[in-house]
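The first chain written gets the first letter, and so on, giving A, B, C and D; residue counts start at 1 in each chain.
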Amino acid sequence: MSKEYRTIRNDVSLPYRWSLGPVWTRFFDGLKDEKIYGTKCTQCCKVLAPARPFCPGCFGAMTEWIEVGQEGTVTSWTLVKNRYYGQIKEPPYIMALILLDGTDCGFSHFIGGIEMTDVEEVKKKVAVGTRVRAKWSQDKNATIYDIAYFEPVG
Amino acid sequence: MAKEEPREFKAEVVVPYELAVGRTWTTFYDTLKEEKILGTKCRKCGRVFVPPRTFCPRCFEEMDEWVEVAQEGVVETWALINMPFYGQQLEIPFVSAQIRLDGSDTGFTHRIGGFDLKDFETVRTRVKLGSRVRTVWSKEKKGGILDIDYFEPVK
Amino acid sequence: MRRVAIASMAQSSGGESRDSLMDFTFRVAKEALDKAGMTRDEVGCIMIGSSDIFHSGLSCSNSFDWDGTGAFLKEGSRAEESIFAFIYACMRIMSGQFDTVLVTSLVKGSENPDNDACTSFFADPFYLRPVGMNETTAAAMQMREYMWRYSITEEQCAKVVEKNLGNALYNPYAHIKKKVTIDDVLSSPTISDPLKVLECAPKSDGVVSVLLASEEKVGELTNRPVWLKGYGCSIDHFYPGDRDLLDGELKTAAAAAYKMAGITDPKKEIDVAEICEPYAFQELLWCEQLGLCGEGEGGTLIDSGVTRMNGTLPVNPSGGVLAMNPYVSRGLYRIVEAALQIRGRAGEHQVDKDVKTALAHGTQGFAGQCHSVVILEG
Amino acid sequence: MGKPVAIIGTGQTNHGRRRDVSYPELVREAVVAAFEDAGITPQDIDGVVSGTMPSMMEGISLTHFYFADALCQVGKPILKVETCGSTGQSLGHCGYYWVASGMGDIVLVVGHEKMHEGDSQATMTTVFDPFFQQTFAAGAPGIFTMQCMEWMYRFNIDEQKAREAAALVSVSNHDNAFDNPYAHIKIRVTVDDVKSAKVITYPVRLLDVCPNSDGACAVIFASEEKAKKICKKPAWIKGMGFRGEEFFFGESDKSVWPSATEAAKEAYNMAGIRDPLKELDVAEVYNPFTYQEMIFYECFGFCPRGEGPDYVLKGTFKKGGKLPCDPSGGTLCTNPIGATGLIRLAESVLQVTGKAGDRQVEGAKLALSHAMGGTDQFNGITIVSSEL
């Protein structure tokens, strides 16, 4: 026990099997084939990626599938340096919101393929407005990690 | 449409907590090490609680009177647990029970054991509602609820 | 609509408590009742604000929380967030069904994993969680956009920390008591660039209780009632990528609260504001969206000194969430601090002016997905 | 009772193992159905109430964020209310108070659970504290078995008689589920099947116990003025009660179950009901365990203490009996926990508005719905009527 008063360690550990549903299953299958799919709302005409079962704005079903661009523009980003329990990977890493070509929403993923130890160096390569392109993983498991990261173009 | 049936995504979630035991329960644990079972008594309603409470949940007043209760008591109810599930702490089968220790006014949650639990009919002849049971202490004390190993039927 | 007032309140300090969560809760709830000279039996209804396993280690937290909040065999319920609990309690009184409700919100951050670990469980398991979304990373991206779009500087964001932690030195309940300079903030380690460690709220313990009463009843309980005048709440899309992070739903919540309170010019009519700023820059952004300054003017607002303790519109005289962040309870803490200011009972951190109308704000979720705004009046 | 509040629409998903949809899609399915039933659109809603059992069942914290879009909440005020298994009733109560307070005219209330995604008994076990009780806990069945043993002992109920009655409760619920298009478990069982089913926690057997289900339920509450404008035949809330006991299981007498008894008393007082067996036309009792359903009959004043099994053997609570209970098949055949209590309310609304289809109790006007939660700790009740 790390504390100087009496405590009980209570590690809660539970197993899950979350349903993807048909839309997300198809989206992740697409990643396996190196394609990024979105769906288009027939009412507001927005294209959202990852694909959605229904439009978050209009509440109608989104049934039109569209393959969206593998390149996009960074709308925001952060270089993560801190550590916390259960973290998804060893810092430093860059998380970003990327407006993929042909879509109307930010796509959340990593930016990689660059040196990350010095934030000033990173800022020379990554900024709001930077163009990035999907870099695919060798091993594909139909998960979001099938895209390894997005790397700055040019 | 989808190439295949909708899939599931499997993962295990582990979240760690470190919960403060607090003054009252720390005292309770510490005295278990000395093979004593302590309760607290509410000055207003007169009830004795095991495990002890810092306050009476009905009267909403602090309780500062400690009482040592007996190591024998009456079985208020019990269940034979023969159902395995993820993260279970005790091996099945086990008998989970509420025991009203002499000198207390609440059911104390623990297990009844000390005999073969495999056969339900045997268990039924040994454990009855209203029957008496007695504390069996663990040899090794860790200052936890399993310092009491189990309760055994009194012949 | 039936009027509702705060009759009494009690709060714990934000530091690590050695009490079990149950005992910790009991002491504060009891204090709120004692202050009003009421017993548990006399209260009409009990409302709990707490969040289950990810913020307590226990599932169905109402089970464990029930005793400490005084709810044995009483009418009651639990909302998953403290301002939700507060407004639901108000609704119970407004309905005419109850005259008093005791609202208690509780959490022991000291027992829980890191804030980032807890908030990463807001994310869906397939997409946002695996790419590392949590409240801090979402806030960092929001901050970058804020600085980029409106030329807000890192110094201006850091000033919020300097101001709020400065205020906290006078608040006996605050968790973080440390005088910091703008340079201290700017040179503190980066958590999630551009966010620095001193710009992020800590993880605190905190139990807070408020006894609410109807207009007919409140006179028996206090001679300084603080009235609920307005309420608004609004939630935004789940995926941060679906939203404009600088034009969120706080405006909708604020508009509803102002309308209910009959406020037309918040800048002038609000005397003090307690704003939930788990990340320093958010105080500036929320001030804009609350209409306390114009769009993109959050930086100039802090520069002007208006929001300091002795300014014309003090913001977070308590030290805010940067000084104390009991996650689930932090919204109700804002309400209590705003009410203390109205009563003139905030002690050393009482602002210099007469406070008639105060605003309390709470937010949770990625980049402020959900906001609540409460307007109180003396 | 304060201002009149009506229910103008309900919607349920098909309950069961719903691997075919993601959780947000499941939630939306119920919401869309409720809008259709009420004949309104998302724009008409002034606020949303939602809840599940505990977050650990989903592995997602504060689900109102994740479901913001599915719940049609965006831009609207939201309240998230949860009280374990009784969540569904607590959600309904919140919907009532939101409208009765005057803070909203039309409020959407949604309960949901996708139990196949988590591990229900392991999750239930995390409700117990790690200080004293968790070690000996065995999910819900362990607790409910202890309660039923205590009850039989306390009232000197012959074990064989209770066994027979419990089996009848199981048979009638399973039969009723066939009349309910949304029900999860649809199997014909006989008294002998139930009596010889596998023991889970003696004397409780597999067919005495509810399933794990995926499902969601949405109910739309409205003020008197709106209800009269929108809905031809609304149901009106007449009484509500919610009570909870001490956290530690052993501190209350579960054989007379104070929370269930007091919650019912409160609801009857509000609704002006004196003789529930006579005045109620139908009851949707939350019955995850056959034995427990009989304890509820006693707590709710449907029969004297200790006589639950006798009344069951007389057929008082079956279809065509004096007070039909769970014509929907109840929790015993469908249990998506966070939704279950709200499904009970929705079913009682369908009954008093004559929309219950094959499970309709002829001429039902006054109905009770109920849910129970925690380690036998909480009980909530709502009474609805076809008359204002």
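Methods note: a contact is a pair of C-beta atoms (placed from the backbone, for glycine too) under 8 Å apart; a residue touches a chain by one contact, two chains touch by 3 or more.
The shown structure was predicted, so the numbers you read here are calculated from the model rather than taken from an experiment.
Asks: Ranking chain pairs by contacts, what comes out on top?
Replies: C-D
Asks: In whole angstrom, what separates the CA-based centres of chain B and chain C?
Replies: Here chain B and chain C have centroids separated by 38 Å.
Asks: How many angstrom lie between the centres of chain C and chain D, each centre taken as the mean Cα position?
Replies: The computed centroid separation for chain C versus chain D comes out at 34 Å.
Asks: What is the distance in Å between the mean C-alpha positions of chain A and chain B?
Replies: About 46 Å, centre to centre.
Asks: Counting only residues that touch at least two other chains, what does the list for chain A look like?
Replies: 5, 7-8, 10, 12, 14-22, 24, 28, 56-57, 85-86, 143
Asks: Taking each residue of chain B in turn, which ones touch at least two of the other chains?
Replies: Touching at least two other chains: 5-6, 8-9, 11, 13, 15-22, 25, 57-58, 86-87.
Asks: Could you list the positions in chain D whose residues touch two or more of the other chains?
Replies: In chain D, the residues touching two or more other chains are 19-22, 56, 59, 68-69, 74, 117, 119, 122-123, 126, 130-131, 246-247.
Asks: Graph of touching chains, which shape: line, ring, star, complete, other?
Replies: If you draw each chain as a dot and join those that touch, every dot ends up joined to every other.
Asks: Mind pulling up the chain D residues that touch chain C in the complex?
Replies: 1-3, 51, 53-57, 59-62, 64-69, 73-84, 90, 93-94, 96-98, 100-103, 123-124, 126-127, 129-131, 241-247, 258-259, 262, 266, 373-375, 377-378
Asks: Could you please specify the touching residues of chain A with respect to chain C in the complex?
Replies: Touching chain C: residues 5, 7, 10, 12, 16, 18, 20, 24, 28, 48, 50, 56-57, 75-82, 84-89, 93, 95-97, 105-110, 119, 122, 128, 143-145 of chain A.
Asks: Give every residue of chain D touching chain A within the complex, in rising order.
Replies: Those in contact with chain A are residues 18-25, 28, 42, 56, 59, 68-70, 72, 74, 114, 116-119, 122-123, 126, 130-131.
Asks: Spell out the residues on chain B that touch chain C in their complex, using ranges where they run on.
Replies: Of all residues in chain B, those touching chain C are 9, 11, 13, 15-25, 53-55, 57-60.
Asks: Provide the residue numbers of chain D that touch chain B in the complex, in ascending order.
Replies: On the chain D side, the touching residues are 19-22, 59, 117, 119, 121-122, 125, 130-139, 141-143, 145-147, 149-150, 153, 199-202, 246-251, 254.
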